[in-house]
Amino acid sequence: MNNTNATIQKGDLVFVYLDNRRQFLVQVLPGAQVQSDFGNIPCDDIIGQPYGTTGKTHLGHAYHCLKPSTADLMFKVKRLTTIVYPKDLGYLLLETTVGPGSRVIEIGTGSGALTLVLAKMVAPDGIVYSYERRDEFMENARKNVERAGFIKNVTFIGRDVAQEGFDDHMVDAVFIDVPEPWEIVPHATRALKGGYHVVAWSPNIEQVKRMVDALQSNGFIRTQVSEIAEREMLVRERGVRPRERGITHTAYLIRAQRILPPSGDKT
Amino acid sequence: MNNTNATIQKGDLVFVYLDNRRQFLVQVLPGAQVQSDFGNIPCDDIIGQPYGTTGKTHLGHAYHCLKPSTADLMFKVKRLTTIVYPKDLGYLLLETTVGPGSRVIEIGTGSGALTLVLAKMVAPDGIVYSYERRDEFMENARKNVERAGFIKNVTFIGRDVAQEGFDDHMVDAVFIDVPEPWEIVPHATRALKGGYHVVAWSPNIEQVKRMVDALQSNGFIRTQVSEIAEREMLVRERGVRPRERGITHTAYLIRAQRILPPSGDKT
Amino acid sequence: MNNTNATIQKGDLVFVYLDNRRQFLVQVLPGAQVQSDFGNIPCDDIIGQPYGTTGKTHLGHAYHCLKPSTADLMFKVKRLTTIVYPKDLGYLLLETTVGPGSRVIEIGTGSGALTLVLAKMVAPDGIVYSYERRDEFMENARKNVERAGFIKNVTFIGRDVAQEGFDDHMVDAVFIDVPEPWEIVPHATRALKGGYHVVAWSPNIEQVKRMVDALQSNGFIRTQVSEIAEREMLVRERGVRPRERGITHTAYLIRAQRILPPSGDKT
Amino acid sequence: MNNTNATIQKGDLVFVYLDNRRQFLVQVLPGAQVQSDFGNIPCDDIIGQPYGTTGKTHLGHAYHCLKPSTADLMFKVKRLTTIVYPKDLGYLLLETTVGPGSRVIEIGTGSGALTLVLAKMVAPDGIVYSYERRDEFMENARKNVERAGFIKNVTFIGRDVAQEGFDDHMVDAVFIDVPEPWEIVPHATRALKGGYHVVAWSPNIEQVKRMVDALQSNGFIRTQVSEIAEREMLVRERGVRPRERGITHTAYLIRAQRILPPSGDKT
């Protein structure tokens, strides 16, 4: 049934690629244009074509209509905050049980890059409860998630969780992306199933220490902290070598699993 | 509806955790026992408890019944081959479009660690076509995937793809894990949707170069190669520092996207 | 005798430090000035003071007169070429026998950053034979070494060594910093003592492979290749973390030791 | 004059190399033997030969008489303590002014691996004041330095410096290798020339923070902290790749420069 190339629909997000410096994540809408110094591309030239199609700008440069990867969707959100990197998020996802059907809490929503990945991964029947206390961030994130097409698996909740706590969810995982993650931990014990995972990430060592302490004193075990580094290799006719400059630190990655209190009741 | 702790069922995979040296992925079956130098644990003590429960071995040591992460499932397969590492696979997954409903090719099946992750991530309606030319590997992988509970989303195919090619799938992604990935590339162009992703990984630079060449001469673009490093941080009362010894190389990670031939027809 | 602070002399190189963005390696000459957006500093205010003195610019900002490290001298040469990094050179120096009294060949001279370090380390009685085929590079390097005060331990030789070979030195180490180091290896066997070290460094894998091949076919053994990475840690009141962006690759470091031909005669 | 191969003398340290698993730093003494599973080598076969000579064990395996590098001398000391690694020490040396003629303090002596490198580098006229409070460490280190031939440039001082301070040296650099380096810093200000360098290294972040605080409150500026990583590349016929397992952390490297108190007198 699916044995054909996918056709680009009106409203799709298409990764329009000319070269490594000219690449755009475009929502193709009738009448709109992609503009670059290599020439313009009418979206009407793209709509209805199969993904993988090569076209030409009005200046004659070739462009390719690619399917955006999940990482492409993350990097191209409109950012009001720093975002978690794919190298870190990919690792953390596998360190949890998250998959189709999972029910997950995310705090804070931030720019929504994590939100859309979680929403994508728990579809079609799972849900992401995304908590954010700043309205403008939530509105921006909502637009980012909507544009990427994953809004139906997200419930946004505007709240200061450190003060007011979570709703009574019993989710499969809690993803904490706030500057003081240890303030969230006591609330996480009330919203996370026994035996399941909490994950967090922080740039500074001091944050890591406070978070690890909070996990240990709130009934989490198997706490682990890692750092993930990515280095691009340049594979070229004239020689192979790693890229000479790049990102050298993003965050320390923390995860742990909740144990139930001795009585076995779920607090 | 889901707002309760999850209960451990007969046949579940449970991550039984005593400490960092005594941790076991156990399929809990009536009458079976978990054995360690800290004492034995009858599976009957575990079945019917909620995840997150703490119990005691017959020698009085505490153990915790945790939900295994996806990475736990990968690491604990019975291995006949090397496996892809979670640090690498998590990154690669986000570099593709893979998610619920995806249709994916994997070659070769190997020990099935990748198979089960892909199967989990494409559920409930997606499918993994897993190609392997060695029968004993496929049989071992089938058991590993079955035990992890993801068999319904996998179709195993015993074939030497370098010689005979793929079936006519038009999938969303092709994951290549064989020593000579460049032999698979010409076949991948016939089985992968235009605009979508092929990924591969190899330990040696020479393999990377040949693979990149094969991709470029078979209609793939946006080829990228990276290396991902993971370093554990030890966060302890007496001081925080990175672990002193560990893994320093696994594989170079390659990905690219297919473009359609000029005519636009799908081969 | 030496038990006093060192006094800054006319012509000395002084590391004038205001903050991490305003730091200058200055040759203090009467009548000259150090200029910055934090104000000017007459060298006459510096000459005659002890190292470690704090003064004020004409705008009232504090500056400190520090002794430049060897790495400071390297980084502040006038560069016509890329230079070897201290992280790489420090490692390579310890991988050889180089120290006071050593006799060393360097090729090519380049900007003279390596030349001045070698000259410093072999003083007072050792010698660096520095080969360079491009006159303008040698003249620039000569000035850099002279300014740093190490000229008396260097002999510059203008020559295309790949074509004409070395003089008959029998040195303790050969440092090769040219794009095609393998062209130099056959000559190195004639200029290096048996059992001693040749070192080289190259950014690309292909260069490394050709160099390793050349070493093995020219009577060198114990060939080793390494990569050295440096990452700065930011230790600040508000938190400790690694720097977020930086250098991710400079060069692969190669070293080997010469064995004598079976007869024992020295070529 | 020096234009010949070097001849191995009685009492020399020779690096006897069979292959990467059979390599020995041997002091060649008449009547002694080098023993391995590849056969024995009488030292009398080695004495009087030029470095670089190839011989045969009594079982017919080839061995090579190489000149030990400075790093070889470090790694092969008899160790009672952990030692600083060449990757770290090489970097730190270039971050100071140390070279021929330097006057340097080291604390503590430990196994003497650093002592011998410093002694080698400050020869022929410099001096290393090596402080150690544990007699058995100092005696072991003295033997290690003597065996390596650098004893004449070292003065050993048995003292608990944290309690009693340094002698009044005014040295060019202070190398601190103790678990609580911050206890040494107030004493370092009295023993180090203005504008010159103190260096230290510690495995844990907490040590780094306390050290940086101590430096800042004792008149040191331009404090920098780095981590150096080394990764071996395996260059082989069947493929080039980094080594798969290895050392992932040794120590954080700290250095700073002393400024004089406002009056300009040297405290």
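As written, the chains take the letters A, B, C and D, and residue 1 is the first residue of each chain.
Rule of thumb we're sticking to: a residue touches a chain if its C-beta (ideal position, glycine included) is under 8 Å from a C-beta of that chain, and two chains touch if they have at least 3 such contacts.
Just so it is clear, the structure is predicted and the values come from calculations on it, not from any experiment.
Enquirer: Trace the shortest chain of touching neighbours from chain A to chain D and give its length in steps.
Expert: So the least number of steps between the two chains is 2.
Enquirer: In whole angstrom, what separates the CA-based centres of chain B and chain D?
Expert: Each chain's C-alpha centroid was found; their separation is 45 Å.
Enquirer: Please report how many Å separate the Cα centroid of chain B from that of chain C, as a whole number.
Expert: Distance between chain centres: 47 Å.
Enquirer: Round to the nearest whole Å and give the separation of the Cα centres of chain C and chain D.
Expert: 20
Enquirer: Mark out which residues of chain D touch at least two other chains, giving numbers and ranges.
Expert: Residues 205, 231, 240, 242 of chain D touch two or more partner chains.
Enquirer: Determine which chains touch and list them pairwise.
Expert: Pairs of chains that touch one another: A-B, A-C, B-D, C-D.
Enquirer: Using the touch definition up top, name the residues of chain D that touch chain C in the complex.
Expert: 2-6, 15, 17, 20, 23, 49-54, 64-71, 74, 86-87, 89-101, 103, 117, 120-125, 168-170, 193-197, 205, 208-209, 212, 221-235, 240, 242, 252, 257-260, 262, 264, 266
Enquirer: Given the complex with chain B, which residues does chain D contribute to the contact?
Expert: Residues 203-207, 231, 238-250 of chain D touch chain B in their complex.
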